[in-house]
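A, B, C and D label the chains in the order they appear, each numbered from 1.
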Amino acid sequence: MSLISAQTVAEHASSDSCWIIVHGYVYDVTEFLPEHPGGSRIILKYAGKDATEAYDPIHPPDAITTHLPKHKHLGPVDPKTVVKVEKVLSEEEKKRQELVAARPSIDEIVNLHDFEAVAKAILPPKAWAYYSSASDDEITIRENRAAYQRIWFRPRVLRDVSVVNWSTTILGYKSSLPVYISATALGKLGHPDGELNLTRAAGKHGVIQMIPTLASCSFDEIVDAAVPNQTLFLQLYVNRDREITKRYVQHAEKRGVKALFITVDAPQLGRREKDMRMKFVDEGGVAKVQEGDSGVKKDEGVARAISSFIDPSLSWKDIPWFKSITNMHIVLKGVATPADALMAYDYGLSGIVLSNHGGRQLDTARSGVENLIDIVAALKTRGPWPNPRFAIFVDGGVRRASDVLKAIALGASAVGVGRAFMYSFCAYGQEGVEKAFQIFRDELEMNMRLIGARSIDELTPDLVDASGLHAHVGLTPTDNLYNTTYQPLALAQFRTKL
Amino acid sequence: MSLISAQTVAEHASSDSCWIIVHGYVYDVTEFLPEHPGGSRIILKYAGKDATEAYDPIHPPDAITTHLPKHKHLGPVDPKTVVKVEKVLSEEEKKRQELVAARPSIDEIVNLHDFEAVAKAILPPKAWAYYSSASDDEITIRENRAAYQRIWFRPRVLRDVSVVNWSTTILGYKSSLPVYISATALGKLGHPDGELNLTRAAGKHGVIQMIPTLASCSFDEIVDAAVPNQTLFLQLYVNRDREITKRYVQHAEKRGVKALFITVDAPQLGRREKDMRMKFVDEGGVAKVQEGDSGVKKDEGVARAISSFIDPSLSWKDIPWFKSITNMHIVLKGVATPADALMAYDYGLSGIVLSNHGGRQLDTARSGVENLIDIVAALKTRGPWPNPRFAIFVDGGVRRASDVLKAIALGASAVGVGRAFMYSFCAYGQEGVEKAFQIFRDELEMNMRLIGARSIDELTPDLVDASGLHAHVGLTPTDNLYNTTYQPLALAQFRTKL
Amino acid sequence: MSLISAQTVAEHASSDSCWIIVHGYVYDVTEFLPEHPGGSRIILKYAGKDATEAYDPIHPPDAITTHLPKHKHLGPVDPKTVVKVEKVLSEEEKKRQELVAARPSIDEIVNLHDFEAVAKAILPPKAWAYYSSASDDEITIRENRAAYQRIWFRPRVLRDVSVVNWSTTILGYKSSLPVYISATALGKLGHPDGELNLTRAAGKHGVIQMIPTLASCSFDEIVDAAVPNQTLFLQLYVNRDREITKRYVQHAEKRGVKALFITVDAPQLGRREKDMRMKFVDEGGVAKVQEGDSGVKKDEGVARAISSFIDPSLSWKDIPWFKSITNMHIVLKGVATPADALMAYDYGLSGIVLSNHGGRQLDTARSGVENLIDIVAALKTRGPWPNPRFAIFVDGGVRRASDVLKAIALGASAVGVGRAFMYSFCAYGQEGVEKAFQIFRDELEMNMRLIGARSIDELTPDLVDASGLHAHVGLTPTDNLYNTTYQPLALAQFRTKL
Amino acid sequence: MSLISAQTVAEHASSDSCWIIVHGYVYDVTEFLPEHPGGSRIILKYAGKDATEAYDPIHPPDAITTHLPKHKHLGPVDPKTVVKVEKVLSEEEKKRQELVAARPSIDEIVNLHDFEAVAKAILPPKAWAYYSSASDDEITIRENRAAYQRIWFRPRVLRDVSVVNWSTTILGYKSSLPVYISATALGKLGHPDGELNLTRAAGKHGVIQMIPTLASCSFDEIVDAAVPNQTLFLQLYVNRDREITKRYVQHAEKRGVKALFITVDAPQLGRREKDMRMKFVDEGGVAKVQEGDSGVKKDEGVARAISSFIDPSLSWKDIPWFKSITNMHIVLKGVATPADALMAYDYGLSGIVLSNHGGRQLDTARSGVENLIDIVAALKTRGPWPNPRFAIFVDGGVRRASDVLKAIALGASAVGVGRAFMYSFCAYGQEGVEKAFQIFRDELEMNMRLIGARSIDELTPDLVDASGLHAHVGLTPTDNLYNTTYQPLALAQFRTKL
């Protein structure tokens, strides 16, 4: 195949004929323009040019080759003809890179919040907006965290806790932690290796990763990065085109994935205002993706741009079909009510994840750990609990091993952690993820000893006081006039100013 | 009719003979001075001069011609004799106009709060004070908002939500939204077109507007701005002079208004301190209106000045009379208790609005949505609910489509939104109102899908958890000394200052 | 009586012979030194000098003549011999006087908080500390205010409220307000006319004043300032020497006082830290009073210095004695429990005040209005409520007419207001107190109309929702790390900085 | 014994041969290096040098002689050979010393918070971090304080309170206060006399001290500082080597200690992040201790370094052994549940301390005073309460005498106070501790009078309202957008800026 000169490519720079270069290869995307989930405008910006840098963080490498018919793959560009563009760093970007250099040493990271604080400081603003945003008033994302702090421990003492063991099995597969890595999208926005950071760390430490449908890395890249016998699960957004879904699921099963987590709380992606506002900050960047010419609304963020394929018609009627196309465990991710939990049980599924999608979907939805109480009670009507054929997982808001222990004491099998692991690799790559595991181990060891539970099955409901969990308290508005006039007490004063 | 020279007008500049110019026409208001609801002093300030600019935002155009006998309409002023007053902009006003120019693009408005923030920045301080103020300590206005955040969702999953439909009927009339535009007064304080912004946007989008008695635009101006078959309701403050009320109501019915919302929570207008304080900021402006020479107290704001005609003797005894003068639906606006709700039902009315007047009347009154719970329970004692012959509406504090969905799930037929629509036209005129509708549609679509409700009648009580709604929690005062001494945890530190 | 020269006085400037000048008269206080409730040191500071300025704000004018035997009243000082001391104003005092001059016009005062804010700014720091302080962590003083905001209205509509009437009787005596002026001490610290401001305003407006034992004005000065038939009550601290108490009570009865309010919540005066800290700010001022040489502890404030005569042995056994020495109504001020309320009832007293002494005594005591619920319930076991022979009053934290209405709806006969009236005269003298009455009237009129109650006896329990009153909620400590990292949502941004 | 020259010592400055000087004596610690609980690295830093200054605050004086075999005690250093190192004060240290000089006079200390505020300002940062830190998110340490503020008083009146008496017995021993000094570690970090400040003050005032296992002063130093018949208790961390524990306990009994408080809530010491972060501030200081070469994790703080000897296998099985080796009272410190309280009772122990170790161990554990309610209820099933053979103590969060009274009213025998006494000597040495006792006495006197309880046994449950104690309330996340837009009410404005 002969090389194509960059000059030739540059001649195809309009919607009538639109060529782009991705990873040194030229593609004719003219006919694909109207089908691009992110709208045609964002592609046209790169018409006749190299689009690799914009393409990479939000597409798996094979996205273009998979979606574009073979005859539109025009051939490699002639590297000699490509003019090296001198990249000028913006002031903001320079400052960001200084911050990267000034990061705290990884030894100084003592809890999971630290990763998030580092990531917040060093991520490009759009990546931070995409990752950290949640829907509407972001009530639910914060409630997810707050809910754990309404559960208190009632620790037992004088049990011999010289040896404590927090390893467990998740859907029958060994896990060194009672925690799995939950799916989060677009990992390359935060680190060039994206989700592979998780896969490699997980393989090394015996942790289970749930591969996201919307990963920046391709499914196969991720699976290839796994060590032999590393357990992987798959998170699934169901495509309007069921054939695509079927191929994807069956390919995953063939590659050894053990369980399918079908997302059921996202028939449409939530309005995430931090993400939406980003587009107005910089009209030319990642967040611009969403500006389609038709159909896709102008004011949507990255999230919606990449998710238009998701099928809002997905319903219980589809469940038997899933059971017919795979033998993997099927778990519903995003269940919130006893009624739906019982449906999942009665459909013969393997479990459910009590999740509100990290607060990114329905705002003022209750937290997973709160729903856990009612749902465990409902499932007990189907037989003794825990039930070996049905697992409940919880995700959202977990930052401490103590959160994990509380959820398990209340009936969960294991807990999913998404953002915290993602921030750990945004901050320190694979080493960050391994440090995050270490923090979980340290905290698990300490807390299990202090609670008096030596193994996961000793985590029983009597160890926690969840009586305040259902109290959704918003304050009576305060009396500003009184508070303005009231003079708070002061302490004894030093003779000089402190 | 011969022209009157401005010089002649200027000779009538005292309480003995007081002429004013409004919209190029000269009026002799000498005898009207003691009857002016806003007091005589404010008129005397313009005695012998052009009063148009002060007159416009707080009177409908026809107020003066309606209230003044014909022979006091002296004739047009001779425009050649009017000295153009060079208007000097204050620094404050210049700054305000710069802010108007710097408003965010309407595309950047992503929620209803944004309108309010823009309006707050660009409105003249007196307009902002009048609109935003509420009574006493403004506890209730804030509780109205807070109450919705004590209601949480319990969403259902795996229902086919490809099509969701939020259109409904309100008192039998089609509405494209489960929301109507509630009455708010003095729209021209915030935009030269005043309430017409609402009428035009509502007509275009199939939304129902409730016309306020205290509109800046005249009733007929508003009705004239409607498209054919546009549904309009009327909010009524009942006049001490029942004949005026009768004429007003019957005129409205003749002009096609479909329902009469009688305000029952305002026998006297509330003390709104932000509004009251305004008078001390500028002794010469709008807020000065209230300084009557007698009867009207010196320290009252715009609100009371314009409302002295309202009849505090209004009682249940008047209800049969209303039924005798009109065939429109009659709805009581401002009901708060099961007892009064049952009275309304038993009097054969069409419905009630659970309202506390946007927090502008009785402070520390409970929110409408909280009262909804008890009142629906009470009405169930009269037969199955929903009841086709009786509707409950709720207003106050609504800022999100999710609020609307919560109220409907708890038994409301539709929800009234006042300030949010008003701020939308203060910020961007009619286009602002249309954008507000669009935001409601976007949020309704998303939230209905995420809740698993495909139509208004699928919004059932099981979808919400309102168990915390009745918790009126004010905090135990804090231990300031302890809090001063306690050093909060810090995160890992960067090597350079962030 | 011959005049004494200032030089002669100056020779008696030690504890061996200590003369002082008060109001132009010379007294030999040598033998009184050890008995001075405020300690001898503070007197010795003025030994041989004119002590009038320090004496005045904390003693009734006749204190010295009453407590000192006649032969120690040496005679008038020769005014010609007194060297006029050029008073140098401190910078702080100059600033304070500028503030006094810059006070808001009294027309701008729209609520009772405004008085407090003005007083806070213009009072000498020690007076502010004495008045505003409460005991320990000042939890109770703030809870007193907060409790009212946990009571919500359930207003009735469509009652004819053209006429509303808030006058009532208190212990059978007419009162133009359902509010009486509660006793507060040392009024001259805040205004030269001290408690007379209250007496004069009360007389003019038909309000009942409770005279404090610790007034700066003498009892007779206050009674003399009353108009004919003005109702006065008396607050009583019971002296260790019962004869003094007996004389005081019988004198009061003779002078026409109608009721005796015996303080029972102050066997010892509370530790009020703001007051205590004052002494370290200025070693030479009012707060220094407390430095006694013996017995009185060094670190006590004004409060304790002036209260050492109070008898901690006072008990139920004394009640019959009180009934034997007076025919006035006897009311216990400071009752907090149903048990004690029933005791008071069974002893045949006329009523109780549910009070915690404005938060100045036992800290973390519950508020009076909270105790009201249980106590009314308990008294109902003795017969129907309201009971014509026994009244319950409530004080503490009242700032709004709506507070008054809530307490009455829950069963109180009337409400005591102390600090708010005191601040009103500190800020504007008698005119301030009259304005405070006016604010009560305005707010009572508005709120009674809006609640639907036309007279005091229409204030029934169904009009309020006190279900949250007993909720003493302190928050779970917050997750500082999460909150530090969480980035709050922002609104749409203007193109220029606001 | 001949003197060793400093030069000779300096030759032994590696892990092959490591000599150090402590208090003028040379020790060969080469073989001890791997056994040092704080890791070998911290010792190697002083290899060949004088280590006294680093040694002192975290070891009892006899630690080195006790743990090192006799033949490694090489002999005294020749003082003439020791080069005086000119100590250069850091800027930070200079500032700290200026603050020490500017401390408030002890007369100005009016409550226990004041001590903490002074200590916070003048302690070296590492000492403050060690003392003030608690585990994880420091939720429990703050909850300990907050819990007391959810308990309210219901005071009785008209009891003769001329004499009130707060003395009591604790495990049968007289105590002038219903408070004992609880064990806190490493007192010399805050004051050169360390725990002796407590012993001396306690002896003088008849207060009972609990000697900590981890005191900076040796056990015998402390006992030697006691006056005759001064009651002392002992806090015990149980050593993996039970022989060491046995010797320690039996030695204590022989020296007259009356009760053994076995810590059961610390099988492993908590992760205290303030302490952990300290190590990164200064790589060369106290906090560095924890950097062991093996086993001890790099990121642990002072706390863990000094506690590695504690036995995590301690269990109920060990209780009979303790009873066999001592006749002292045995009390379990750190019980949290009714189940464990009953176990302790049934094992025949003398009591329990409801403690969460000052929030330093299991975070989000409930407070001791909250657990008290359930535990007293459980113990009542074993017979009438109070039970003369079993005592319940509570510690954590006590700062006011009112806290003490609340705990006793709810069933505790006495209350332990740790940090507050420690801060009192950090701030003012022994005099600080005595002042702290005085504050307790003043507050006890006042509060007992105001509650109407004349002696400890009159503190009955009816005097408190603990109905809100179990309410663990975390707030619904707030609506930031609404709050940003809402404009709080303002007070009347002065004509000039305040």
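In this section, contacts are C-beta pairs under 8 Å (C-beta built on N, C-alpha and C of every residue); 3 or more make two chains touch, one makes a residue touch a chain.
Note that the structure is a prediction, hence the values are computed from the model and not measured.
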item	value
Classification of the subunit C:subunit D interface as same or different, half of numbers criterion	different
When subunit B is superposed on subunit C by its C-alpha atoms, the rotation angle in degrees, nearest 5	90
Centroid spacing, where centroids are CA-atom means, of subunit A and subunit B in whole angstrom	43
Distance from subunit D to subunit B - Cα centre to Cα centre, in angstrom	60
Shared-contact residues (touching 2 or more other chains) in subunit D	104, 108, 110-111, 113, 117, 137-139, 142, 146, 149-150, 273, 277, 280, 468, 471-476, 479-481, 484-485, 489-493
Touching residues on subunit C, where the partner in the complex is subunit A	111, 113, 116-117, 120, 132, 137-138, 142, 145-146, 149-150, 273-274, 277, 280, 399, 468, 473, 476, 479, 481-482, 484-487, 489-490, 492-493
Residues of subunit A touching subunit D in the complex	104-105, 107-108, 110-111, 137-139, 142-143, 146-162, 400, 402, 442-443, 445-447, 449-451, 462, 465, 467-468, 471-475, 480-481, 484-485, 491-496, 498
In the complex, subunit A residues that touch subunit B	98-99, 102-104, 108-110, 113-114, 117-118, 121, 135-137, 139, 264-268, 270-271, 273, 276-277, 280, 297-299, 311-319, 332, 334-337, 339-340, 343, 361-366, 371, 470-481, 488-491
